[in-house]
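Okay, so subunit A shows up in both of these, paired with subunit B first and subunit C after.
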Partner chain A sequence: MNFQIATLLGQDGLTNGAIYALLALSILLVFTVTRILLIPLGEFVTFGALTMAAMQMGKAPKLEWLLLGLVLIDCVLDLYQQIKYHIDRNKMKKIALKLGYALAMIGLLNNLPLSEIPMACQVLLTLCLIVPLGPIMYRLFFQPLADAPALVLLIVSIALHVAMVGIGLLLFGPEGARTQPFSDTGFRLGAVMLKSQTLWVILVSIFLIVTLFIAFERTLYGKALRATAVNRMGARLQGISPVFAGKATFALAAFIGSASGILIAPITTLYYDSGFIISLKGFVGAIIGGLVSYPIAAIGAIAVGMIEAFSMFWASNYKEIIVFTLIIPFLIWRSMNSHHVEDDE
Partner chain B sequence: MTPKKVISAVFLSSSLLAPLANADIKIGVVSSSTGPIALVGIPQKNTIPLLPTSAGGEKITYISLDDGSDPTATVKAFKKLIDEEHVDAIIGPSGSGNAMSVIQFAAESGTPMLAPVGTAAVVLPMTEQKKWVFKTTQNDDLIAEALIEQMKATGIKTIGLIGTADPYGENWAKVMKDLTQKAGIQIVASEQFQRQDTSMTGQSLKILMANPDAVLIAAPGSSSVMPQTTLKDQGYSGKIYQTHGAALDPFLRLGGKAVEGTILAASSMLVLDEVPNSPSKEIATKYITDYKKLYGETPATFGGNVLDAGLLLENAIPSALKSGKPGTAEFRSALRDALENTKEMPATQGVYNMTAEDHSGFDERGRVLITVKDGKWALLK
Partner chain C sequence: MTHATEKNLLDVSGLRVAYGKVEALTGIDLTLQEGKLVTVIGPNGAGKTTLLSAIMGILPSKGTIHFNGQDFISPNVETLVGHGLGLVPEKRELFATMTVQDNLLLGAFQRYRRGDKSYDQTLNEIYKIFPRLWERRQQQAGTLSGGERQMLAIGRAMMSKPKLLMLDEPSLGLAPLITREIFRIFADLRSQGVSILLVEQNARAALKVADYAYVLEGGQIAMQGPAAELANDPKVIEAYLGLASKHQELLSS
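And then the complex of A and B:
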């Protein structure tokens, strides 16, 4: 091991670590606000990457039909409630808006020359397609049992993960995909080549983390989410809608997930089922942060990326074992240091 | 979707009618069309409608089950086919590990099993149980010999190995260790990775430090691409060899410029236009045309392995019919004997010559050396 190898591995670990950090943050966010451990987060990562890859091959991503299907179910439920309870006068307008959005996306995706438009537009389209899936999924699968015990939510979350992996196979096929890098240039740092995609990943991750931080510290909506995370009942009494909080965090998680997918798609081959293992490593980071602390979770996730990179070099056969064994000492340490409260609300 | 629906409707109706028309030959097909090895299983499942529909004057019905790449589900599927459907033979499963887990059930019930899987462990070393198993893919050592000859001819002295941490990669590591020793080639680095790994920097740096003349990547399907692109990115300039696991079109698409000049040995299905005419070429060309007509895409080699299983059965059934009626133990046992006596039978992957010891039955007609030229497969000259 010399300096050059250490830098290369460090660069690699930092890139993966940045992605794990983003995922750890969204796992944490969703968990604190809704008590749901978002297992399907990894699927948003792969959906993002594979949608992007489909577009670059000039094919309309089949994910549009999933969006349409879910929106339709959502609208039917809305309509049913509207007829039965007449809660919301603007409901019909909202239904029309949602349907219009899904149909407009399909129209756009099928008529634009997808492989030729600038990459920024491809990214935007991918995000526009995937981010709405988050709130719709919350609405359909979690909102009806928002008050259920955390264990029930976890089970639903696992079921959703399994279903999404199956849908991923159906929509994208079993072959892996890889997208074009954002830019082809590299930077020379001493004797080491820095790939520009690595810088993209790190910069975008830092940007997202900082933006999230500012949003949560400075904006009303961010504060509302934080309040829900601190005390759900209290926030509710202050007029913060738990439905809104749930949908907003799911939208954020879907956004961060698909953005991570788009970021790493040029440097690795992603399969329809790669998401789980990636989000699991983010989860290890979140555990290191005790599922409470954002900064520790982020640092933990980056540490996971680093350890992964170096163990890949020293003992490639034991890489996953090393990474996932990490969780044990932290769990022991956590359980010895924290006063456990029987909290199931 | 429609052809699939038609097929399942046919299966459904045939299984309902089965008690009435018992003379039909029933063959079970177990494939992994979902789960981690769906890449292998989907073309295999798609090939079922192209399998022979009759042999020796008897109609053949196929019963298709999916095992979701899960060995436990494979065992269940096999038991269902054997105990409930009373099939005469089983084609499948898709995965090496899955196949290993069902050999004993095929043997206990005396049902011939034609496994289109990669690992030679299903037929080697031959045992009392494995004599019920036939394998329709080239053994790893057959492919490896071709690669090593090429290495020797081009003066390669040291190689690095990167393989997947699964039966496929592990068996290749074993085969290469034996064969390189004989050929006087030294393995200077041997690394492993997982199919879903998002980065291979560590492994490829290890290889670069050892600086071998060539690198062999042993991984099934699209996972064979990443080690190669990573090596190229880090400036490795030696030759890169791949196994028949990489012989898929997505390999070219995912690899782009990085896979230019790769050398691999596989069945001639990839370069049919360039190989001299032979019965194998005819069969493979017909298979590819039919498959394209049905699904609008060229089949992966894995599909050809299943077709070969069907052809082997078609060839063996007439002589087995002399010994017993379909659905009886005598018939199955005669079918096994007939399969073992397959001689000079051409199919998509090469020419089969089974013996009591060799239940894969390929010779050098089952492989050609292929390279990537201008983003396309080409015969290595």
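And then the complex of A and C:
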């Protein structure tokens, strides 16, 4: 191995690591606030990438029908509750708004010349299509069992993942897709050619991570989400509803997932089922952080990316094995060092 | 809205709560007028905490809860918090890994959400009442002593400027001097016009500060009346106050 190969591998590792870090953070975020291990996070990545690809081919992404379908179910459930208890004008307005949004998205996607509009608009449309799926999925699949044990939530999460992979195959087909890079320029760093998309990935990831940090440490809404994670009943007594917290974190996770998908789509070919492995690597990062520490999870995820890139060079066939074996020493170390702290309140 | 002191801020009627088949509360009627301090006393297991939890919506219940001009039937917690009901639970439920200041600020979450920016002023007022919290504002809530935690829990509930503050055993596990301080604060709050529903085991101290009192026994209201009268009622003295517990009176002096 010479310097040039090392920088190339480092570049790959860092790009993937940045994406894993984003995913690790959203897994952590969702887990601490709602106790759900968000296994379908990877599907948001592939949905994001494949939606972008469909738009660039000039087709309206079929994901719009999933959005419409879920919104319809959601509205029917809302209406049922309204009829059962009492009719609230504000809630009716909300139902109308949700339906209107889904229909407006479908209208836009079918009437705009999707392949010709600027890429920023395509990105925006993709996000507008996928992000609402997060809170709706929380509402439909997790909110009714918010008080269930973590194991039940995990099982539902796996079921949702399997269903979403199937829906992915149905909506996007078995072909892989790759999108155009955000910009075409490359530039030299010494003897090495750097792809501009790499820089995009790293910069956007850093931007998102810093924004998340500021939002969680400095704003009262961020603190409210953290508070829900620390003490659910305490948060409810301050009027912070766990439903609100769950929907907000799912929206964030859907946003980060689909943004990651859009970012890496120009670098690797993604298929309807590629999301799982990607989010699993983010999960390894989150485990390294003990499912509690954000900075350690981020560093762990970048390490996962690096190790993956270098093991690709030395032992290409064993790449995945090496990455996933990593989790074992960390689990052993964690279980030796962690001691259960009694809640002394 | 009238500001007559006779207005019932809280009016609970026929409240029933069951844990499975066991009825913990069997038809409670309770009223609280605006600006008054009402106390609920009773032995262990009488259902005092259950009563507060049901009014707050933490436990599902049957019967109506009329609060601040609206009727609620087995409401949910967040709705009632939004309407101005605050609870300091027995377990405090602080955000242990967050700073004292963050705990207090989160108490004002509803006001923040409504766009009420005057919560900084309330924060200063609370620091004035509890200078200890000001000293420890950057410390994690989990590192506080029992008394400081209680102050923080009360302070956090006050940050939302509740119309009615409900307190569950605020003196539990506190040193007598701190209990005295906390009871003095209740008296101050009452004189500022905050309505308070106080659940206490420390019956003598509670009766001293309260306007009206209910005695809860076995999930039912056994006695009720103006606090001063109950404090002299021979039955209450025999069952709850006792001649030996005269020292408790000092706690509220």
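The rule we apply is simple: the second predicted complex is superposed on the first by the 336 of 345 C-alpha atoms of A that agree within 3 Å, B and C clash if a C-alpha of one lies under 4 Å from a C-alpha of the other, contacts with A are read in each partner's own complex, and residues count from 1 in each chain.
Operating definition for what follows: contacts are C-beta pairs under 8 Å (C-beta built on N, C-alpha and C of every residue); 3 or more make two chains touch, one makes a residue touch a chain.
What you see is a predicted model, and the numbers here were worked out from it, not measured in a lab.
K.L.:
Scan A:32 for contacts with subunit B and subunit C and give back first, second, both or neither.
P.N.:
A:32: touches no partner chain.
K.L.:
For A:278, using the defined touch cut-off, is the partner it touches subunit B, subunit C, both, or neither? Pick first, second, both or neither.
P.N.:
In the superposed model, A:278 contacts subunit B only, not subunit C.
K.L.:
Using the superposition described at the top, determine whether subunit B or subunit C touches more residues of subunit A.
P.N.:
Comparing subunit B with subunit C, the partner touching more subunit A residues is B.
K.L.:
After the superposition on A, what does A:179 contact: first (subunit B), second (subunit C), both or neither?
P.N.:
A:179 contacts neither subunit B nor subunit C.
K.L.:
Considering only touches as defined above, state whether A:223 meets subunit B (first), subunit C (second), both or neither.
P.N.:
After superposition on chain A, A:223 lies in contact with subunit C alone.
K.L.:
For A:157, decide between first (touching subunit B), second (touching subunit C), both and neither.
P.N.:
neither
K.L.:
Who does A:51 touch here: subunit B (first), subunit C (second), both, or neither?
P.N.:
Once the two structures are laid over each other on A, A:51 reaches no partner at all.
K.L.:
Looking at the overlay, does A:205 come into contact with subunit B only (first), subunit C only (second), both, or neither?
P.N.:
A:205 sits against neither subunit B nor subunit C.
K.L.:
Figure out whether A:317 sits in contact with subunit B (first) or subunit C (second), or with both, or with neither.
P.N.:
Only subunit B; A:317 stays clear of subunit C.
K.L.:
Counting only touches as set out at the top, which of subunit B and subunit C does A:268 meet: first, second, both, neither?
P.N.:
first
K.L.:
Write out the stretch or stretches of subunit A touching subunit B in their complex.
P.N.:
Contact set of subunit A toward subunit B: 5, 8-9, 11-12, 15-16, 166, 169, 173-178, 195, 264, 267-271, 273-274, 277-278, 308-314, 316-317, 319-320.
K.L.:
Which stretch or stretches of subunit A touch subunit C in the complex?
P.N.:
That would be residues 220, 223-224, 226-227, 230-231, 233-241, 343-345 of subunit A.
K.L.:
Can you name the residues of subunit B that touch subunit A in the complex?
P.N.:
Going by the criterion above, the answer is residues 34, 36, 38-39, 41-42, 165, 191-203, 205-206, 209, 221-223, 225-226, 233-234, 248, 250, 254.
K.L.:
Along subunit C, where are the residues that touch subunit A in the complex?
P.N.:
Residue positions touching the partner: 56, 58, 77-78, 81-82, 86-87, 89, 91-98, 102, 105-107, 109-110, 112-113, 142, 149, 156-157, 160.
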